[in-house]
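My questions all concern the structure below.
Residue numbering begins at 1 within each chain, and the chains themselves are lettered A, B, C and D in the order written.
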Amino acid sequence: MSTLHPLKVAVIGAGYWGPNLARNFANSPDWRLMAICDQDGSRAQQLADRTAAVAVTESVDELLASHDIDAVAIATPAQTHHDIAMRAIAAGKHVLVEKPLADNRADGVAMVTAAEKAGMVLMADHTYCYTPAVMKIRELVESGELGEILYVDSVRINLGLVQPDVDVFWDLAPHDLSILDFVLPGGLNSVAVSAQGADPLGSGKSCVGYLSLPLANGALAHIHVNWLSPTKIRQMVIGGSRRTLIWDDLNPQQRISVFDRGVTLQRQSDVLDDAAQRRASQISYRLGDTWSPALPEYEALAKMVGEFAISIREGRSSRTDGRAALRVLSVLEAANRSLTRGGRRSPVSGSGLLLEEAI
Amino acid sequence: MSTLHPLKVAVIGAGYWGPNLARNFANSPDWRLMAICDQDGSRAQQLADRTAAVAVTESVDELLASHDIDAVAIATPAQTHHDIAMRAIAAGKHVLVEKPLADNRADGVAMVTAAEKAGMVLMADHTYCYTPAVMKIRELVESGELGEILYVDSVRINLGLVQPDVDVFWDLAPHDLSILDFVLPGGLNSVAVSAQGADPLGSGKSCVGYLSLPLANGALAHIHVNWLSPTKIRQMVIGGSRRTLIWDDLNPQQRISVFDRGVTLQRQSDVLDDAAQRRASQISYRLGDTWSPALPEYEALAKMVGEFAISIREGRSSRTDGRAALRVLSVLEAANRSLTRGGRRSPVSGSGLLLEEAI
Amino acid sequence: MSTLHPLKVAVIGAGYWGPNLARNFANSPDWRLMAICDQDGSRAQQLADRTAAVAVTESVDELLASHDIDAVAIATPAQTHHDIAMRAIAAGKHVLVEKPLADNRADGVAMVTAAEKAGMVLMADHTYCYTPAVMKIRELVESGELGEILYVDSVRINLGLVQPDVDVFWDLAPHDLSILDFVLPGGLNSVAVSAQGADPLGSGKSCVGYLSLPLANGALAHIHVNWLSPTKIRQMVIGGSRRTLIWDDLNPQQRISVFDRGVTLQRQSDVLDDAAQRRASQISYRLGDTWSPALPEYEALAKMVGEFAISIREGRSSRTDGRAALRVLSVLEAANRSLTRGGRRSPVSGSGLLLEEAI
Amino acid sequence: MSTLHPLKVAVIGAGYWGPNLARNFANSPDWRLMAICDQDGSRAQQLADRTAAVAVTESVDELLASHDIDAVAIATPAQTHHDIAMRAIAAGKHVLVEKPLADNRADGVAMVTAAEKAGMVLMADHTYCYTPAVMKIRELVESGELGEILYVDSVRINLGLVQPDVDVFWDLAPHDLSILDFVLPGGLNSVAVSAQGADPLGSGKSCVGYLSLPLANGALAHIHVNWLSPTKIRQMVIGGSRRTLIWDDLNPQQRISVFDRGVTLQRQSDVLDDAAQRRASQISYRLGDTWSPALPEYEALAKMVGEFAISIREGRSSRTDGRAALRVLSVLEAANRSLTRGGRRSPVSGSGLLLEEAI
């Protein structure tokens, strides 16, 4: 497809997710996979063998010193993201980083600032955003098919591994938050968040959690994450003033349904009679058809590495750039604060501000 | 079935719900339907004709003066419940009242106090509690099949009528709250509630709402009510330490599923090594069978009027007595307060107290 | 709605189905329910009381002698249909008859012939045909939305009562057959049918059955009826050359789905290369959207009695007239013959013929 | 697990399915993958590289001449199975062969006869039989949980590729037939089959098909295969006299449901009154619980290659041996004959006979 020279990339971290990145870089016409870096050299070698990467190294410094690499993809534990990314940016490499961007917002701000100053692309691997379903949702929201967003309700529950280091919010909610950031007009710009969590097992962290995020114009987003559910649900409802969309990710035969059903309230300014009366008379109900768009089939990660390449080539922010990841991180940190204060609504740092102020 | 003389009842209010009560009293071997009372005499007459009630009246006073009536069922608007019930109790009648018990907690307290002093049964028509599914859930919780309750998640959403006088919490959540009160060991005894509501249509009241109720031992109940959803969902998950139950009221072929799947955390007091290590090693996962009990088929209201009769005859509280209704009302009032304070956790009046203190 | 004088009707048979007919005639602006006739006078009286019918009689003769009746609805056992209908036609009454038209085809032919000679409307109560879903299916087929019909697969299974007098074919398949007759262009005109039945309980009749009906142009209809299934399925797939429709009658939220997915084979006459090659190259796949039309809500029987009135007033055949019922009956009889011959394809009497020949 | 020396195997055919076999042999403790054989040497080499097979060859003769190979797995086109298998058996190799065993029954008989004479294991790769779900079904049938089998209804439909060389029966029904053979007590021993097929596209072969197979004791198996369905269904109902099982392969959360619901007919020999009366009084209905067993998770092919090893070591027939494959082939051939005779019931060659006669 591309007649340009492929960009050269190295993957750092050959553990759980690194192999998926390596495979997709290796198969992409936009990229040439040059090297695998992992503290465990044999693990790096194994991955290199499978993906035909040329070089293997245990040293990030050695890797970053190479002039033969344009970009790195960081798939190491969250607490190392900041350090590696800062060094990579300093070395003049574009950076793709796994979610979460960092394990605290301050580090994330530093990463975004450094990348912008250095003119490097800093992109977050918000994989879900590149699935056919979410791409279609973004398109439908953007085109106005749904009208104004009234509410979003997302449920992401299953029998999950109780993670040793993070709670259910940090484990699962980044998916929902990054998707919201991707599809909402203007991105995820809630000024506050309320979090309700429960640790009924006494595991030391929330295993069941709920986030409420007021959106613009009186709308509300709500996220339910849960490690203890015996059934798996991955469902998001996006209620709009014109239509409502339901995304059921576990129904491959009808992942997205768009309902032309709903309640409409005419907002008239020239009506003179009393308010309640007026309101009652202005409410109407639509009971229209349901429509389920056909979705193309492709691997989300392939689309994602493509976007990474394009944003580097065009010198533009990627669709899931560092700022998007920072918005997600900011909500998670605010949720932490809300949890410690009994669910009180906590302000989201940087929300609603220009970057200069936000960071 | 019963060889006792039937009790004598009158139904007050022949509007939306009264006919259902009248029909069930008329068909019950425990009851003899004596009269219908409605401000609109012709509406009362029509209902009397269909149910073979003997008398018709437009006057509550006249009705209550009759010595031939043991009990009244009140199916009038919520704001009239207190007045009619107080007069009925004063007249020595047992009282069944539609939900909500009253339109404010203070009135509800007065009703409960009056009934208890007078030795009259005051029962709430929490119809859902008498469905085969909820009766079975109560039985399963009581028998310990589920173990300790860890979390409850209830969703009750559909394209609903935007009510002129109440918001979505007061319209829909009483169902969930009364069910929780019915099935939880010890009833609904949350000491506080957080409410998140949205009015994205600008209708003047919440159309989308979420309630979070901390339960005993770190458990959490959460309720999602919504008038704007294009699809209808009636689902409650009750996560237990032994098993988890899912009630899907719209799936007649498998309304209740009990999953022997879940996470178990051993709580050992004698383990000496560091906490995180210990916790990790104590978590285990069960992946057992699923079981769906057959449910008997009967009409919930028939069961409900039967319970009303039995509690009168045995001189005991009914399973959904005035106090249960008061607990529901108390949560709704606390939710109101939470809403006006941006979702802040608001104490539930009377919770955790003996009645003397509670009311 | 109608400014015409209502037509006058009597219901014969106050057992299982008669009350439904009586209620709908009583509520229809097109009809005036005059009388109820049943061998059991008290049963007739009870029904008359509930539906405000004026007269009650135990005698069909007496009823038919009345000049005050335009039409009768026959809801008696199948073996009595022929006798009552013939007398009613002779008495100059229009006739609505429950399914099946008669318990044998010869009687059905006599009924159709008599009605046509006498100029009376003879209509079958194929209730399903008047449901919103089936009306919509007919409309979609007629408008060409589905293209040419390629196959129909219908499944109607549940835990059913093993009937004392009829097998599963005669109990359940009339629904599917009458629907096919209603929606297929040209009606149900299969020239033959193959039936496979099983009686694994040794009940003396088929409890599980399959019908295969070749349609025009190489298409095939297939019907699965089953009394022994623990789950209930009511599903019909209508595969078309342009689109495929699935009707799932137990999914109230999406009863009808129209899939723009399928296989297309271009039939070109000018291709010269070898056949297999040609065929392979002509096959293409469509993977388009799915669409679920909103359906109006009304009671099928109300629509049905309306059609009865209109066909009388307009002097035209009703949409489910005696001939339609005869086509259904003819298939059932042919299925009987096929069963006794080990599933061999058996010709359907009268199929593909004009009535003069067909009957 | 095994302390025995691994057996040595070569895979013949590196096309669509060969790689799956190679991978599973390579990962199995029971096997050592020695060689890959394919007419296209580079394709063989690629596969060998990925699976660490030692040798590569384009020549079956060369392969079979090797003393270092105990068994071969044949994953070549169906029409070549007979020739390669016969040579392999002659060379003293055990043989695993893809479905179908051969492209005609006579060849299949020759293969079974040759293997039995030579004392070699001839096994068919009926993969589905080794899935956790089918293994569990077999276990439940065997243990008597379901009672006597009354009927089986299998549906395997989706939007499938119209195959150039085979019709929908030969493409899809082998799965259902091999599963039936695996789970039914006594295997698939229908003496006859009726086939109904349709080719509404004019593709030159059936694209929609139905098979009816009378089983012992009045039971009936029925299979629906379809390439033209816009939705995918993989469902098998096994109705038993005690319980009924439904296998929904596309519902990972509840693949198998066992219903304790059904119809029971008491067969009493000492009842004297008339037959119809007797039958009515003997029918009863069970409305019991539903149960869904947890299934282990493993790859079916891993289990399958394990069974191949064990049957060789123990010198016994494998669970899906050549005779099982021959029974499947015999039904497919009989179905062909039925199709050409308008769906007439056609005898299945060899059914109900001992092998000596059957082949």
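Assume a residue touches a chain if its C-beta (ideal position, glycine included) is under 8 Å from a C-beta of that chain, and two chains touch if they have at least 3 such contacts.
It should be emphasised that the depicted structure is a prediction, and the values quoted were computed from it without experimental measurement.
Looking at the contacts, which chains touch chain B and chain C alike?
A, D
On C-alpha atoms alone, could you tell me the rotation angle mapping chain A onto chain D? Nearest 5 degrees is fine.
180
Return the distance between the CA-based centres of chain A and chain D, expressed in whole Å.
So the centroids are 44 Å from each other.
From the C-alpha centre of chain A to that of chain B, how far is it in Å?
Once rounded, the distance between the two centres reads 40 Å.
Using Cα averages as centroids, what's the distance between chain B and chain D in whole Å?
Computed from C-alpha means, the inter-chain centre distance equals 54 Å.
At least two other chains touched by the same residue of chain D: list those residues.
231, 261, 290
Chain C touches which residues of chain D in the complex?
That would be residues 148, 150-151, 153, 159, 162, 164, 194, 196-204, 207-208, 210, 212, 214, 217-220, 222, 224, 226-231, 237, 239, 241, 244, 246, 259, 261-265, 267, 275-276, 279-280, 283, 285, 290, 342-345 of chain D.
Where on chain D does chain A make contact in their complex?
231-232, 253
Which part of chain B faces chain D closely enough to touch in the complex?
Where chain B meets chain D, its residues are 254, 260-261, 287-294.
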